[in-house]
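Heads up: the structure comes next, in structure tokens.
Each chain carries a letter (A, B, C and D) given by its place in the written order, and its residues are counted from 1.
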């Protein structure tokens, strides 16, 4: 089965592991991921004031492309991309004025050839037809736990993993609308489906410092430390994330964290798709574990994962 | 009810124009008005007089009605709110049906607000003419009369229900009190001490409970529920379901042997799940009626094959596994709804961890922890490990005043009970720290603010103005993240226990009952009052009264006042020999009614129902208050208001507007 | 000067009481209005309003209790919805919807009542006499005697 | 220190502009402080989120525009998810940033990222940061 998939720019360069593990895992669930032709960066941040709405043009262009290619659903993994695509899509569905303005904007962009100034393609307004889903949501609602379970090739023996939602996946609830921000289940259910045990800890939905990582590295270090330590105190052997920025803050910053907070001893960080792919039998070499600052290899070695006979 | 009336062509109408000294006559040429209408069809005489409402004025009206055999009169004078009753009475004395009297307001709405004599006179003529048009079409009416069954049903055995039942019974009427739980007492019996005086709750409530159980005119039905209600004010038929208790109340001698042998352990509702009871149990020692109850949902199986241990040890043979649900029928004239409240679930506020952490409790749980009869014998111990907490954080407005995600209203009592909790905790644990997070402290009520001030000043409770965002656990401590908006500091507190002042919400499941009663609620599911200021203890639906927290958040003093007020209103009703009701209602013309049901949805009182067998609407005239909303909505003209029919309105408009 | 005729339907509990209060307070106002007292603003059927226009009213006023204060719970909400809808229809019938005014005036607002009467009369005066150019259409909609 | 409150049209324009840009009713805020209580960045801020909105209510434009807080908000929506009045503080912050002197210095521009750091950072963070804080 073919499914439209938006990797986003980070996955093409810095977070290749997230991209590859996603593809490999989905293959084993009979899903072939296709990228919308000529996709561009979604803008990373959803514009929060009414005057910046041209910022919607980028994500809407992607969504329109998906629609034009006959896609009904678009999945993403990166929480930032997901938030932008989903919110932009909803804004267009709900607000006729935005719909008009963005389409007018995109119409110029597509119909007029910049050189010949001739009209090129016929343009059909985009009205929010495509459904934007996060891969976790897709796995929960479209693939389903029974199917995932039936395809498992390795037994992770209840490996204690702390799910980290961060800030973009569930909030604002009215727009993201797929789980409760303060009592979420979707990540836990995923981990249990692949054979891990989900660690319950108080910081799973606290922010890791996000983009302040650059302008205010100390604050991000501290924020990430709080998350990691809370997970570790509840017995987690690893933290799992959906977003390259969360990954960066929690993984690359660990050296700085250890320097600043002596009580912290390090905790591997994994993309959720790496766990999924591993459980589905993908070879370790393909998982991109080399990108990690905190070695996660040992985790896969040390945890006795036995092959499930099929 | 209509009485035989003359056809409009045959009617003889008399017109009496009042001078009101110079009040009217100074601006309106009253003689001209009387003169102008003399020849209007239907008018058989017209006259003017200086003071119509004076004794000679009234006498003149009476005499003229008799002499001239008038079928209706128009008094053109002041506002009908002033003297309509006066002239109706005069008409009655003259043998005229009082619904044939029309008052044309030419004073307040004319002579007093205009100075141009000519315009005012012309306007007066139009006003009077319109009443002539109406009067010739008025019907003779009689007030609608019904009997009253002088027995009341009170639903709910909390402090409100108990008070209402006692008051009504003391007025001399019979009362049936229905309580769904095995014992009466409601939430109040679970409280430790009560603000603002700190009386022990059980000490003040148990005597009332005993009084109810012994009152010769109160029939107490615990473990019962209302199954259905039909009829109308003064004449309700109620079916009440008796849930099987499996223990004969009269035989059980409270020996407790059954409880000892019962193998089934169940969380104890009375102690808010902080302790356990057996499947056969007494809810609490002072429960009324004093009997054990077998909880069918938790018993191993009500049969000697499955268990039957309790039955074996019961010497008086009180236990009967074969008891069945039965239905009782009663007739009553009034119903008091006193079904109380519940607390909002802690689950709804995931960020506070109420469902996750044992030591995050709600207000009622803390009441049990404070109570001398509670699971810890009155020593403050936290649920997880029984340790005495040295730091307790109280969070106010949990779920209340949250328009966005929870409940928009203020729960009204939590500021007071939080102050009480903090104070009592400090009394019990003198070296403990109590911290309260609040947004506003609302302590309106007699001696309430003094109580709160005492908590702060004498018991040194730290009040922090800000809302808590998150509670989480680290080791065996709870960490509370809040803010002090007064200093602009984000604060973090380590606590051993957190008490959440959860919002008061409608009783779980009460909507089913209210649907059976067909009474209106507000958007939060509390019973709606007829008027927020002037009829606060009556439902909009005639014959229903409300008391206590069923109507909305309130404390005990208010709940009890409301219960007594509701009882007084029931007394009012029962003091009448029969009920009489304005006949200016909107009946239905079966021949015109298409059965579309539009009017049914318009009626705020449920007076109209669709009769599926006849395919037309059925109107209960007792319930109709005569607002006319249905009449305006009926597309077939089948709903006509008595003495304000569409025909009358059109003819009045013609009289007013046609030159 | 054009003297408009204005027909006012006033609910018994609030606006009619306000009109009485304007009287007891001697708040003089224009004599162009004439009042009919109804039990509730929701008693007024659009037919009545249309009929008033047909019989010569240049403006029609409808007064009720403030939202939340209706003696019959929510009659005024029903009126509000009904009138909003009806205004659209008026335009179709060629009657300027501004000729119909709905206002909440409580029993305590005698002053508001008097001022509203003045103001509305001026507004109608400015609009000029109602010219029912499509009387036939109106007649079809309104039943006659 | 005592501030003189001016309830003039200038203040009103500022408040209206914030409301228009953010789409939030700033007067709905009843100063419970919950936004600040849960804000992950509050400890770095000179004014707490609830103080920002309070100053907007009072029309104290200068104080708001001067605050470091505007550039410490991570748009994490924690406050939004818990605000009892449904106010999205991230939007208010963005609105205020929007009316900051357009010719002023970038709070944080791409130029401030060293090439070494840029090599390591995920692309999204640079895009996001510029969107938020650059002119």
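Throughout what follows, a residue touches a chain if its C-beta (ideal position, glycine included) is under 8 Å from a C-beta of that chain, and two chains touch if they have at least 3 such contacts.
Since the structure is predicted, the reported quantities are computational estimates derived from the model, not experimental observations.
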{"item": "Chain pair with more C-beta contacts, A-B versus B-D", "value": "B-D"}
{"item": "Geometric centre distance via CA averages, chain C-chain A, whole Å", "value": "60"}
{"item": "Intercentroid distance (Cα basis), chain D paired with chain C, Å", "value": "49"}
{"item": "Computed distance of Cα centres, chain B from chain A, in Å", "value": "52"}
{"item": "Residues within chain B bordering two or more other chains", "value": "351, 470"}
{"item": "Chain A residues counted as touching two or more neighbouring chains", "value": "182"}
{"item": "Residues of chain D touching at least two other chains", "value": "78, 82"}
{"item": "Touching pairs - complete list by chain label", "value": "A-B, A-D, B-C, B-D"}
{"item": "Of chain D, residues touching chain A in the complex", "value": "20-23, 40-41, 44, 71-72, 74-78, 80-82, 88, 90-91, 94-95, 98, 107-108, 112-113, 117, 120-129, 131-133"}
{"item": "Chain C partner contacts - residues on chain B that touch it in the complex", "value": "79-81, 105, 107-110, 112-116, 119-120, 123, 126-127, 130, 520, 528, 531-532, 540, 584, 602, 604, 625-629, 631-633, 641, 644, 646, 649-654, 656-659"}
{"item": "List of chain B residues in touch with chain A within their complex", "value": "347, 349-351, 353, 356, 470, 472-475, 479"}
{"item": "Residues of chain B touching chain D in the complex", "value": "351, 397, 401-406, 439, 465-470, 481-485, 488, 490-491"}
{"item": "Complex contacts: residues of chain A adjacent to chain B", "value": "180, 182-183, 200, 202-203, 230, 233"}
